[in-house]
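As written, the chain order gives the labels A, B, C and D, with residue 1 at the start of each chain.
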Amino acid sequence: MNLYEYMGKEIFKKYSIPVPDGYKIDRVTDLKQYEFPVAVKSQVLSGKRGKAGGIKFAKSGDELKQESEELLSSKINGLQVEALLIEKMLNIKKELYLSITLDRSSKAPIIIMSTEGGMDIESVPEDKIHKIVVDPLIGYSDYISREAAEFLELSGDLKKQFSPILSNLYNAFMGEDALLMEINPLIIDKTDNIIAGDSKVTIDDNALFRHKNLIIDDPEKTALENEASSKSFTFIEMGGHIGVIANGAGLTMATLDALTLHKLEPRNFLDLGGTDNIEIVEEAFSFVLRAKPEILFVNIFGGVTKADTVANGIVSSKKKFNIKEPIVVRLSGIHEEEGRKILMDNGIKAFSDMNSAISELAKMKGVE
Amino acid sequence: MNLYEYMGKEIFKKYSIPVPDGYKIDRVTDLKQYEFPVAVKSQVLSGKRGKAGGIKFAKSGDELKQESEELLSSKINGLQVEALLIEKMLNIKKELYLSITLDRSSKAPIIIMSTEGGMDIESVPEDKIHKIVVDPLIGYSDYISREAAEFLELSGDLKKQFSPILSNLYNAFMGEDALLMEINPLIIDKTDNIIAGDSKVTIDDNALFRHKNLIIDDPEKTALENEASSKSFTFIEMGGHIGVIANGAGLTMATLDALTLHKLEPRNFLDLGGTDNIEIVEEAFSFVLRAKPEILFVNIFGGVTKADTVANGIVSSKKKFNIKEPIVVRLSGIHEEEGRKILMDNGIKAFSDMNSAISELAKMKGVE
Amino acid sequence: MVVVNGNTKVIVQGMTGHQGAFHSGEMIKFGTKVIAGVSPGKSGTKVHGVDIYETVYDTLDMHPDASMISVPAPFIKDAAMEAIDNGIKLIYILTEHVPVQDTMEIVAEARRKNVFMIGPNSPGITVPGECKIGIMPNHIFRKGDIAIASRSGTLTYEIVKAVTDAGFGESTVIGLGGDPIIGTTFSDVIKIYNEDPATKKIILVGEIGGSEEEKAAAYIKEHVKKPVVGYITGRSAPPGKKMGHAGAIIEKGTGTADSKIKAFESAGIKVADYPDDIPKMLK
Amino acid sequence: MVVVNGNTKVIVQGMTGHQGAFHSGEMIKFGTKVIAGVSPGKSGTKVHGVDIYETVYDTLDMHPDASMISVPAPFIKDAAMEAIDNGIKLIYILTEHVPVQDTMEIVAEARRKNVFMIGPNSPGITVPGECKIGIMPNHIFRKGDIAIASRSGTLTYEIVKAVTDAGFGESTVIGLGGDPIIGTTFSDVIKIYNEDPATKKIILVGEIGGSEEEKAAAYIKEHVKKPVVGYITGRSAPPGKKMGHAGAIIEKGTGTADSKIKAFESAGIKVADYPDDIPKMLK
C-alpha cells in the first residue's frame, strides 16, 4: 500500500527524521493561521506532482485560502485532490536523494542515494547514484552512514545530522515493514539543517497484522476494491466489459492476457483463491456484478477448489442476484465433469478448455 | 559483575518476568507492614545460602523484626549480610531450573533448563538437563519456547505463561549485556502461577557503558578494589604478603603462579596495563601500598610500557609515598638497561629475568 | 529427478490444519514418505496414520530430509527457523501473504546453512513416480523428461495438464512461488534442470516483476543446450497495479512482460502466447 | 608461515589513534605492507607516509587482504562489520574491553563470510621475516621453526624472547586474545600449525577458563606428531575471582589450571612450570 506524503511524514516524525512544520487539511475551513510563506501541496499518489501544478505557494492568508480552494477542486495527473499538506517554506541550499527499498536480487534492503535530489531518480546518471545493500541478519551499522555521508559530500555538522537520519530511515523501513521509503528531495536549507522535503512510502500489505494502526483504506484503490480487500479478495477494476472470476493469481493474469490478445477487454481482475465454499463464490459474484460488466467469464482449474462447488456457486449466484448478463464458464480439474453437468442443466455454457471458452466470448462480442 | 538477588529481580521486573511481591531493606527500621507469612532473605553473593541459614521465615511483625535483626548482624558463608529481601511466601507446587549463559564453544547464548529446580544444577544428572543454543544472528524465535516447555513438561496454561518468561529472559540477557541470567528455582505455585523464586545475574563489565544506570560498586569487590576499578586498574586483594605490580593480565597471573610455586604468597593482583606514564605507575603503587604488603615486587616486560618510564615511576613513588618496604624489580624489554640503571642509582634492586627476581624475594622471606 | 527422490523423508509443519491435513493425504497417495507431522499442542494425535509431534526437534531421530510448512503467515518465520536450525536441508513454504521482511530473513538463514528453500506462496515440487511435496493435483502428472519451473500455482497445473494431455511427461515440476523474494529462483533452477540427466526439455512460466526471467535467459544463452519453451503472464496488467502476487508489480523500466519476452527470445527460447500453445512448441 | 606472508596488504582501522599510529609504525619497520589507514573524519591526512581514508570501502581498489582494528571498544562492532562486509578476509582486533555480545555477533558474521578473525584483546600475529600485524615487540623475534599460540599478551613476549634468547626462532606467533569469546582458538590454530611445513615444534600458552586447551589437547593426541610444549597460567588464581581477562573466570568443574595441565599431559605435551623453563623443554 502506497501512503500519501503526509502519512509518510507522520512515520518519519515517529522515527525522528526531521520534516518541515506543517499540517494536513481536507477542506478549506480547516486552514489555520501560520507562519508565511507556506507551500500548499496536493496529496495525490502521482509522480511529477509539481510539474503538473499540484504544488503552490502562499505568502498570506488570502493567498493560502485561494490556492487551497483551487487545488481542492482540481485533478492532478487525473487524480482528484482530496487533501492538502500546508508546510512552512524551506530556504533550499541543496537537494539530495535518499531511499531504501527491497532488492529482489540480493534479497535484502538496499539504500540508494544521490547528490542529484529533487528530480526523477531514473533520469540521474548511474555514476551519480550510490547503492549499499544491508545484510538483513546483521542490520544497520554506523559505517553505512559514514560511507553514505562521504558519497553525498557531507562533512562536519551536516554529517552529524545525516548519520541518524539514515539509520532512523532504516529503522523505520524495518519497523514499519516497508517495501519503499524514499525522501526526494532530502533538503539542506540555508541554515544548514537537513530536512525531508517529501515522502514516498510503501508498506507491505502482508505485514499489516503487525501495524494495526495503519489499517486504512488503500488510497490507490477504488471504494469497491477496498471493500473486496476487506473480504480478502484481490479485486482490481479495469476499463473493459468482461467480468472475470478465476482461481490463482497466475491463472487470473493469464486469463486477462488471453482475453486481451483476443481483443476482449476485461472489466476486472478477481482471484477467487483456493476455496471449496459456495458462499465465497457468491461473494465474488457480488463484487464483479457491482462493477457492471456486460458478460461474465468464470475460469477455474480445480484443485483445492472443486469444480462442482464452483458450478453450484454459479447457479446459486445467478438466482440470488438475478443475473441477466450472459455467463461463460470454463471448468477443468477436480470434479470437472460433475461441474459442467450442473451448469448445463441450469442453462449455463461450460467448456473444458480456455481456448474454446474465449472463442465463445469473442463470438458473443463479435470480435471474431 | 555479579548482582544481588534483589537487583536481578529488578531487571526481571523490567522485562515482565514475574517475581514475588517484596522489598529490600538495609536496616530493620526500613521494615514495612506486609502480608504474612514472608521470607526473609539475606542478600549475599554466595551459593547454598539457604543451607547456611541465610533464609528465614516470619509469620508476624515481631518475628520479622527479630529474624531481620539477627540476619543483618550475621555472616553467611563468611560474607557479612548488608541487606535483606523481604518477600511474600509462595506455596510451592514444583520447582524448575532455567538459565541463559554464554557458551564459549559455540560462541553463542545457551539456554539451560531442568525439571529439577531448587538445587545445585551441577548435581543434577545430565539427562535431566536440556540445552538449546541460540544463534546470535537470528535471535530468539518462539519454537525455542515450545521446545523448552515440552522438556519441562508444561502444557496448557502453564505453557502459555512460560513462553513469554523464556523469551523475556532472553531479551533481558541480550538487552542488559549479561553473561549469566539464572532463575533457580523457577516456581510453579499451588494456584499454577509461574514465578522467579531467585535470581543470579552477571553483567559484562565491558558493556557497562551501555547501561549507565547499572554503574555501581561491584558487590563482590572490596572497597579498595572498587576504588581501583574506578581508576581502570584490575586490582584484586589476596591473602599474602608480596605486593605485586606487573603488566598484562597473563604476565601478572604468571607472576602470581611463580611466587606461589616458590611458596611466596602474593598480597594482590595488579595489572598496570599498557601505559607510558609515570603518574599511572604512582597510582598503581598507591593502591598496592594501601593493601599493606611486606615486600613490593614489580615485574615488567616493556613494550607499549617503556621500562625506563616504569623505573622513574618507581623512584618517584618511593619518594612520594615514603615507602619503607623493600622493593624488588624485574625489568625486561624496551629500554630495560636504562631502566635498571635508574633503579640501581636509587638503591633499588633490579633484575633482567623473573627467576632471579623471585629467588631474591625468596631469600628475603627466608623460604629458600 | 531433482533435489528430492522416492526416499526423501518429509515432515509437515502444520499438518493438523485444514490445508496441511488435506495435502499431506494427497502427498501420501502420491507416494511421498510423510514420516511425521508437527503441530504445537496436538502432539500424540495422528493424521492419516502419521504421528503428530510438538516440535521439529522431536522428529529428528527419524532423520527427516525435508519439511513442508503450512502454518498461518504470521508464524512462518518461526516455523522456518525451527526447521532450518534443526538441520532440515529442504524447506518448502506453502503459505501465502508472508511478510516480505520475514521471508528475507528466512532466505538469508537458509543460504547460510545451505538449505534448499522453495517458496513462500508456492505449490511445491513434484517429481512424478518419486515424490511430491506440495499441493499440485496428483492426477495431472505423468513421468517423463520435461522439467517445468513456474512462479504461479493454478497456471502451473494448467500447463502440466496440457503437457500431459499432449502425450508428454514431466521429470520435475517446481512452483517457485509468487512473492517478490523467494528461496529458489529461475536462475537457480535453470542450472539444476540443465544438469539433470532425466530432463530433456524445459518449460519456464514467468510473470511480470523482478528480473529473474532475464537472468535465467542470460544463463540459458550461455550454457543451456536443451530446448526451452517460455511463457510470460501479466502482459495485460495495468502498470503499477498489483495482481494478487506482490511479485506482479510492474517495476520501473525492467520487469515488464515485454522485457522478459525479449530476453527469452534473444536467448533462443520459444515463447508461447497462450498456455495451451506450449505442448505444440515442445515438438 | 601461516595465514599471512610478505605480500599481505594490510589496512589499519583507527590508524590515527595513539595505539594505531605507534604500532602501524612498528609494523612498517618490521616489513609489513601497510597500504592504508581508515579514520573517520581524518581522510586526506597521512600517518608514517600512509594515506588515511574515511571508510574501508575507499581502500578497496588497493585490494587489502587484512585489517588491523584499533578503535575504542564501543566502536569495535561497527568497525569489524565494516571490514567483513567490505570483503576483507582477515581481521585482527587489538582492542580490549569489547562487550562479549558484540564479539559474539562479529564471530558469527566472520564465520559466515569465511573470514579469519584474530582477537579481540590480542597482540596479533607475527611471521618473522614476512609480516607482523599487531603489537608484539619487533626485536624479540628470529625466523625459525617454532610456532607459538597464546591467550596472553606480555606473557607471550616473555616466552618468545626466552625462545629467541635460547637460540631458537619462530615460524608463526599468534596471540589469540584473552576474552571468553574470540575469533580463532587453540583448536583452530593447532590444525594450522600441524599442517604448516615451516613449523617443526609448537608452544601453547594457555590460561584458566574455557575448554579450548582441553579440546586442542584431544586433537593433538589424535593427529599431531610434532613436539608440543605447554604452559598454563592462573594456577594460583582464587576460584571465581577475575584476573583482568574475563577469560580467567574459573568455571565450575572444567577450565581449571589442573584440568588443562592434565589434558596436556595425557596428550603427551610437556608442561612447563615457569615461562623460563620452556626453551630447555624444546631441546
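Just a few scattered comments:
Keep this in mind: a contact is a pair of C-beta atoms (placed from the backbone, for glycine too) under 8 Å apart; a residue touches a chain by one contact, two chains touch by 3 or more.
In this text, all values refer to a predicted model and were calculated from it rather than measured experimentally.
Touch-path distance (fewest steps) from chain C to chain D is 2.
Of all the chains, the one whose CA centre sits at the greatest distance from that of chain D is A. Separating the CA-averaged centres of chain B and chain C is a span of 54 Å. Averaged C-alpha coordinates give centres for chain A and chain C that are 27 Å from one another.
Residue positions of chain A touching 2 or more other chains, listed in rising order: 135, 137-138. Counting partner chains per residue, chain C has residues 105, 109, 112 touching two or more of them. Taken chain by chain, the contacts fit none of the simple shapes, being neither an open path, a ring, a star, nor a full set of pairwise contacts. Chains touching one another form the pairs A-B, A-C, A-D, B-C, B-D. Per the touch definition, chain C reaches chain B in the complex via residues 40-41, 43, 54-58, 75, 77-79, 81-82, 85, 105, 109, 112. Per the touch definition, chain A reaches chain D in the complex via residues 135, 137-138, 141-143, 146-147, 150, 155. Put simply, chain C touches chain A in their complex at residues 19, 22, 73-74, 97-102, 104-105, 107-109, 112, 135-137, 140, 150-158, 161, 178, 180-181, 205, 207, 210-212, 215, 233-238, 241-246, 248, 252-253, 273-276. Taken in their complex, chain B has these residues touching chain A: 137-138. Those residues of chain A whose C-beta lies close enough to touch chain C in the complex are 102, 104-105, 107-109, 122, 135-137, 174, 177, 179, 204-207, 209-210, 234, 236, 238, 246-254, 256-261, 266, 269, 271, 301-304, 332-334, 353-355.
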